[in-house]
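The data blocks that follow each hold one structure.
Across the two complexes that follow, chain A remains constant while its partner is chain B and subsequently chain C.
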Partner chain A sequence: MSLEYVIKGENIEKKFKGFTLAIPEFKIPKGFATALIGENGAGKSTLMNILAGIRLDAKGTIRYFDEYDQVERENANQKERIGYVGPGHYYLPHWTVKQVEEVSGIMFEGFHKDKFESLCQELAVYGTGGFDKAKKVSSFSDGTKMKLMLANVLARDTEALILDEPASPLDPLMREKLCEMIQSYIEEGNGERSVFFSTHNVSDMENITDYAIIMEHGKIVEEGFVVDLKEKYILVKGDAEDKAKAKEVLYTMTANNYGFEGICLAENLDKLAGMNITKEIPSLYQISVAVMKANSMMGR
Partner chain B sequence: MLKAWRSYWAFTNDLYKLMMLVVVPVALIATNIYLVARGHGDGLLTLFALYFIDTVSDLFFMNGFYRKSNSSLEFLQSSPKFARFVKEITIIDIVRRVLVYQIPFVVELIGAADSAEKLQWCKGNAFWPWLAILIAQLVVFVARHFVVWSQMYACIVAGYMVLMFCFLLIIIVGSGSPVITNLVLIVLILVMSMVTVWYTNKKVRESYYDS
Partner chain C sequence: MRILQNSGVPIYQQIAEQMKADILAGKMKQGDYLPSIRSLAKELKISVITTMKAYELLEAEGLVTAAQGKGFYVNAQDSEMLREQHLRKVEDALQEAIAAAKIAGISEAELKQTLEALLSMEE
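Here is the complex of A and B:
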């Protein structure tokens, strides 16, 4: 089965003072949940803004659904097909929930008011105080603002979602709920819907992540399906006496008086031959941290 | 036009709608009826207050929309209809301003219907609402760049000064020909309105770029 892509980018470049986002090739597979992982300032939000059409001042070409590029996206109503949620000041601060609902109905053809209201209830946007649409967006906590944004974007007919840090302001229960919602969004799409989200909460989002992209210093340093990454990298645990030798092979290492553990490339495993080690499948969180640490060190 | 009105209605919050579409016009009508009942001329002075209310309320309406660092537009930017939406609400806001500013003059005119002398006075002062609209339009246009109250107040005071200067100029130069004065002001309002819509659209486009 050949893989289709919801977004494909080539030579994406955006320069800031002291920072350059430079991505020669970029792909988001269709029908999957793709996580964008990276340190603060790695360029995740910039990339997401470029893909969502919030930022039009980047170089390169981006193709959507293998049908149109970023110029055609602006000329036609193609933005309807992609829902975007961003952190911080997403709505005008003087707006109320009622205004958000009404403006959404005007701005997006495929917005369903009844679905929005039921999602607001489901996500407890109104808290224990009841259904109050007259509440100002600026009076909400960051978590409630995010829930409102998610209710809004999920109430639209879309084929892809670009979610910038959706889990960060949410409590653990809501993160679980977010994962369920992303999962059912993709499942209901029968392979036609995709989700691309950035996150620092890799552990919480791991169970729904199919594909991962790891960014560092404005570049993609690792990407692939999570199952493949878990074959590419191995979690190694060993005795303290071998830690000096193992350190040369491992991406990252944590050690104490009793032993060490760290991530290494599966292809480098034979370099640890002769040591008393145990091998385990690493989590996506462990792989991400290892890759980020390795590339941060290179960056310095 | 109905679509534009719907956009304006959705964009503005309930308090703004209540104040600017109900309370202010009703208060303006009531005040002017009261003033006309006492004698002609005084009612047009309410335009000074209206001009102030209009400029201050615009801060809540557009909320620093023109400023470079406005980071609250992401939701709107993600829609293909952003530019059209903002254009629609800007036009409706201008239409509202033009209509509301006519209230004092219309009340004066109705009150003066039974007196030829008063009617003559009204004809000679018909330029006042147009001048007030023009200055308000200009001040609102400039004030949309500010989110600091002191800057906006300075902008309003400058507007009052321009208003007074124009008033004196009209008295000295243009009072002989109220028709020409009115026509010139109407043309200026149209030009100013077109510039406002064009500039707002330009700001929408610029919001997608760093510089």
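Here is the complex of A and C:
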């Protein structure tokens, strides 16, 4: 499989008091949905802000679509190509939906008003109260603000989306809708569109995630296609009598009086020979938790 | 197509196996295009990489061929040869069962009974 990359970074670095984001190499494959996973404070938003151009004071080079770098990114025609949604409220609170629509139309050539309106309906931005563009942004809940931002960004002609925690403020039904929308976006792009999103709701987003990047303490500690990660890490369960021996082999483990459960690296699986164990394919959530646990213990 | 999340069989393998069955049963014919990787992912609500890997598996088995920019199409199937291959698989698995039975001191009659019991359970 030959891969192209939508965003590539080299030696990205940003120092804060007591925290350093340092990423020697960074790649997001083109044509896929990539999830950024990590603890609070791991540096996910900082990285996304650097890539989106919200934070301009980081070191390193970033290339987009293998065509231009972060300086050229600031040109108006390049700004059309990548859409961003994040937790900051970048609409003024007294704006109405109508005004959000007008401002977006002025800012982006590729913004389609009709598409925005149908997306607002689809995402139920107006709730059950009917279609009302006079509604003020300040009257919206966090979830509805997120829906409005998603409708806005999806109404544009873009080739990539950077979504910082899009699922967090959404209810379960809307999370499913978000997944559908991300899949449609990628399908319509036929290999030319990519989505990069951060999330704590790994389970909700797992089915659509192609590539996962796991961060810890400002560094990338694991990354890869989910299908490959699911072969690298194996969920094993075994009997209590073997737990001491298993602990030496397993990547992460929890045990009680009745047995143990943990993640084993596929390459170490033969070291468990002779034990009565069951093997399962872990979920991305289980892999993420194991990787985060293993790395946060090492780091502290 | 049915996808089981916790069957222990990777999802890409489940897809590949079901498509393989369709091809061998003649439901998909020589020259037919498989659904596009991204549309199948969307339909099944699974990731793009999963369907991609499923198609790669089918390609590796020689069942389909990737056409640049056009997707995957079904190859001509030599049904005689495929039957032969499957028969080999069946024989290998049965040999293994016979060996295991010997180790455990299970009699021939018992072994036959077990096979019959399993077959009736399938039905």
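In the analysis below, the second predicted complex is superposed on the first by the 296 of 300 C-alpha atoms of A that agree within 3 Å, B and C clash if a C-alpha of one lies under 4 Å from a C-alpha of the other, contacts with A are read in each partner's own complex, and residues count from 1 in each chain.
Throughout what follows, a residue touches a chain if its C-beta (ideal position, glycine included) is under 8 Å from a C-beta of that chain, and two chains touch if they have at least 3 such contacts.
Predicted, not measured: the structure shown is a model, and the values here were computed from it.
Model built by superposing both complexes on chain A: chain B and chain C fit together without a clash.
Contact with neither chain B nor chain C is seen for A:Met253 once the two complexes are overlaid on the shared chain. Comparing chain C and chain B on the residues of chain A they touch gives the larger count to B. Shared-chain residue A:Leu119: touches no atom of chain B or chain C. When the two complexes are overlaid on their common chain A, residue A:Ile277 makes contact with neither chain B nor chain C. After overlaying the two complexes on the shared chain, residue contacts for A:Val227 are found with chain C alone; chain B is out of touch.
Rounded to the nearest 10, the angle at the Cα centre of chain A between chain B and chain C in the chain-A superposition is 150°. In the superposition on chain A, A:Leu170 makes contact with neither chain B nor chain C. Once chain A of one complex is fitted onto chain A of the other, the partner contacts of A:Ala52 are limited to chain B, with no touch recorded for chain C.
Measuring only between alpha carbons, the smallest separation of chain B from chain C in this overlay is 28 Å.
Chain A has no residue lying at the interface with chain B in one structure and with chain C in the other. Taken together, the chain A residues at the contact with chain C in this complex read 1, 31-33, 179-180, 183-184, 186-187, 190-191, 207-211, 225-227, 230-231, 279-281. Here chain A touches chain B in the complex through residues 16, 52-57, 74, 76-80, 82-84, 86, 88-96, 98-99, 102-103, 105-108, 134, 149, 152, going by the rule given at the top.
Contacts from chain C toward chain A in the complex involve residues 6, 8, 10, 12, 36, 38-39, 41-42, 45-50, 52-53, 56.
Those residues of chain B lying in contact with chain A across their complex are 6-7, 9-11, 13-14, 60, 63, 71-82, 85, 208-211.
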